[in-house]
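In structure tokens below, several structures.
The two complexes that follow have chain A in common; it is paired with chain B in the first and with chain C in the second.
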Partner chain A sequence: MRAAWPRPAAQRVAALLPTAVSLLVVGVVWEAWIAVAGTPVYLVPAPSVVAVRMSVDPGYFLGQGAITLAEALGGFLLGTGVALSAATAMAHSLVLERALLPLAVLVKVTPIVAVAPLFVIWFGFGVMPKVLIAALITFFPALVNGVTGLRAVNPGALDFLRSVSASRREVFFRLRVPSAMPYLFAAFRVSIPLSVIGAVVGEWFSADRGLGAVIIVAHANLDTPTLFGAIFTLAVMGIGLSLAVSALERRILFWHESTFIV
Partner chain B sequence: MAAYVALERGYFAEQGLDVTIHHSTGQHLQLLLSGDVDVTTAAAGSVLKRRADPGVPIRAIALFGQRGQQTFIALADSGIDSPSDWEGRTVGYRISLPPEYLAIADAAGVNRGLVQEVRVGFDPRILVQGKVDVLAVFKSNEPDTLRKLGFEVVQFDPSAFGVPALGLTYIAREDLIAEDPELIARFLKAALKGLEFSFSHPEETLNIVMRYAGKEDRDHMRFMLEAEQADAVSAVTDAHGLGAMTLQQWQEFHDLLVRYGALARELDVAQAFTTQFLEAAYEEGRLVWP
Partner chain C sequence: MYASVSIANVSKTFPVPPVAAPAARAAGAPAAGSAPGTAVAAGPGRTPGNRLPVDDVRSQPDTLLAPDSAGIPGTRGPGGRKRSVQSGLEALRGITVDIRPGEFLSVLGPSGCGKTTLLRIVGGLAEPTSGSVRIGDRSAAEAQRRKLIGCVFQEPALLPWRTVLDNVRLPLAVNRRVQRAGATPPAELLQLVRLAEFAGYYPGQLSRGMQQRVGLARALALDPALLLMDEPFASLDEITREQMRFELLRIWEAARKTVLFVTHSIVDAVLLSDRVAVLSARPGRLRAVVPIGLERPRVAGVEHSAEFTSAYRRVHDLVMAEAC
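The block that comes next holds the complex of A and B.
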């Protein structure tokens, strides 16, 4: 076993090869299927048509994507911040956990598309409802993993800190937070793509900007190349965010076994 | 509604058709184009827009909405009594800015620079919460929904401002029209028979609709039926029968859409609809049955 970071450039390229090949195969099969079946573009566009649409006006997709990205990151930071604050309180108090966890589950099981229109009514047409929906959808993974991680301390280390009369604050920052980090990064890997979905859902209901708005208008106009262009941009955004979290995890948790490869 | 009546009253069967009605939420056109259904409903504006871009091969075979489905509402106590009152206010629309709105604003001399226009989706509560002052809605739906919530509204119906918008149509694919015109003719005749029945037997029509409407409120269904019936008649239908349409109607609507940038390109309007099935169904303005 050895640490995965930093890896040689050649090894990183080799690691991406299977993904690139599988994407290429899917693209080729998709393109061939459209050509053979003669499927009209207003039902399903060929990948080449989507590529042309995006290459004609890349600034459009980048600009709309930047809006969605900002909303998603805002929601992620807000949802995660609130979740970690609640997790800290819940990790220290069983009563608080019993009081708050059912509410968190309620938030988790609430269909976002059912409450999104209400967020527009409550919070208007600006960025706020999109950020809040993104926050709502990212809240639960950070909360659950936060509580679990903050409690998953080494008993021996905890006994040692108590034996030297460490304060709760010292125990929290020197033991609980480091112990929770692997759990938190596992949550972030789940919740950061979810934040993009939350922002898009928010844009469906009121925005005139952002990739969610692009999707709604393109769908209404049977403009499938633009629709798939927006989906592709979202996919790239989600993958990029996930990779960024993984890279950050490897940098911060270089000492932890979760960043090792066998 | 005409199709439900035709199905339940056996009009399709009398025409030798075994019809299944599929429900969809906003996928009508895609289902038609993919061949999953043979006939569907579509707004006349959508027929023209989608023929212009991306150029889908569809044609209207009957026009049930002689006037547009869209209207604009404000709360009765908002002090908004005419389009000129829209200045300094917020107007909400669903997906894209409706050409009917632009036409009313033009006709009434509204300075749109003083109007905030926002996309607000489909929830009419946005109006009663004061997030918008004027809202684009379907005239057969939201005015009654809000009235039931205790909010009276004033309407700005585009037709009252001389805006020549058209409403709901039945459409079919051009290939099916060419390959099996008899099928389309029999379908439309039965549907027109159903529409006629709905006018003469509104309560029985509601009984039929409620079988498919699940938990919908019967009074609201009645409102919808009455609103759609009101828009289904015009001087054209008086002369030629329900569902009738003319080149002039379509041309005026097309020109409206072009003027306000709602069409990607100008069209040969005559190709967007056909009256061949209506002509086969009627004789001197009376439906020939069976």
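The block that comes next holds the complex of A and C.
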């Protein structure tokens, strides 16, 4: 006999209804506004025009989107992996934290668009620079929240584990890592969309493939329907990734206090 | 198997860090260990090397502890040398008390008198500045390594991602090299604390009092020779608290342990204990050890008996005389 979570599917669908309605309203108003004002298509295409452009060649947007998605995810995994390793070391050592945190802050405050061209010079025109830029942009949130989270243990639980002679390793895996999860997911919700931005920015500077490249080319040709198609694909990608993170969070953080507040 | 506990002349002074550099304390005094998040460096298995034999401690002049210069670094100790380490916040001074095997002993004192500090020292979670603790014929750290100690804290401090049953299993799952033969199975412990049907629940789905009972079952999972309880009822409402007292008595009758029970509640102390050790306000000093002659088993209603009232009054007067 357990409480019924995760929430029933019907309830979750119902929760999405307001979002769907508001999106629909925006679409309709946009369409009507273009029709009434007679805005030329090279400035702003109507949603229907974008929809036609995308349905004519869905494979194109899917294919280019897949490339950008792969770069973003690769960067996310790389950046998060490195960040969490560093966070583990820093959470255990104040000296390391003092040594590494300023470097991380330096990385963070440097605008990503400023280093992107440099990465292209260093790492060529392949997938590499895009992944690295996406990794760079996702690094900091995971690092900071990782350090905070690994330290945010219940002192009583820590005392208890020590009182039954748990090793440092056991304290880490049984207490610190689970305690860090809420913090990590807070970071992921920020860094997952950031990773897409990183990949797109990377593609701008060495444009041959991916949605970033599509945008650059469409922009040069004043092909706004294609440009909007790319933007729309990116938006859908961002939403999908965020939903995936939320779904994972619900599964992993089922125990969190917020779950029990109805 | 119960352990006797011998607390011999235990004192504790916390080094108080210079105000300007709070981080320095986190790095420099991991053994204090109770500041959340800074205890990382203090693994188990610390060396008990800084524990002094009792006689050495007695020969040390009291002035070393510089109680009146709390927080001021650079106080001069004997010989004119700067002894900044010795100044600090004196929490406990010269506590000496023996707990007999199977005895229920309460430590009673006002908030901030060092009760938690004493309990952590006995549990091997903190080092005394001087003095020693023996559990049976072992040091506190050694007893902890052998999983001879069960702890219940003021906060239930359960792991919210584990079910009730898995929380009770935790002590068995941790450090498997040390196993305790003859320990009661976790499911039976849940029956003992009357939570059998909540085995699959998560802590967030339980009331505070239920969580505290899970904490008690968890502490009993290793069949510890010594049970340490730090104000386990302090965060409960009066009604639950009263029920929990008799629950604890019932459980203790069923699974007799040596218990060191810390509380600021006179009723808790008198109702539960064989003896009550009364501490003074900070720095905690032992003022009296009062035997409680109430017959066992003690059941609901005993708190209205004349014997209870007279024992209560005796402890009450001692505590209040100390507080004024």
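Note that in this section the second predicted complex is superposed on the first by the 253 of 262 C-alpha atoms of A that agree within 3 Å, B and C clash if a C-alpha of one lies under 4 Å from a C-alpha of the other, contacts with A are read in each partner's own complex, and residues count from 1 in each chain.
Just so we're on the same page, a contact is a pair of C-beta atoms (placed from the backbone, for glycine too) under 8 Å apart; a residue touches a chain by one contact, two chains touch by 3 or more.
On a predicted model such as this, the values are computed, not experimentally measured, just so you know.
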Joint occupancy of chain A by chain B and chain C, clash or fit: fit
Superposed arrangement, angle subtended at the Cα centre of chain A by chain B and chain C, nearest 10 degrees: 150
Contacts of A:9 with chain B and chain C, given as first, second, both or neither: neither
Chain C versus chain B, contacts on chain A by residue: C
Chain B versus chain C as contact partner of A:213, first or second or both or neither: first
Touching partner for A:106 - first (chain B), second (chain C), both, neither: neither
Touching partner for A:17 - first (chain B), second (chain C), both, neither: neither
Contacts of A:204 with chain B and chain C, given as first, second, both or neither: first
Touched partner set for A:222, first chain B, second chain C, both or neither: first
Lowest inter-chain C-alpha distance for chain C and chain B in the superposed arrangement, angstrom: 45
Residues of chain A contacting chain B in one complex and chain C in the other: none
Residue ranges of chain A touching chain B (in the complex, touch as defined): 40-43, 117-118, 120-122, 124-125, 204-208, 213, 216-217, 219-223
Chain A contact footprint on chain B (complex, rising order): 26, 29-30, 33-34, 49-50, 53-54, 56, 95-96, 118-123, 125-126, 129, 131
Complex contact set, residues of chain A against chain C: 1-3, 91-95, 151-168, 170-171, 174-175, 178, 254-257, 259-260
Residues of chain C that touch chain A when the two form their complex: 23, 26-27, 34-44, 120, 123-125, 144-147, 149-151, 153-162, 170-171, 173-175, 178, 197, 200-205, 218, 222, 228
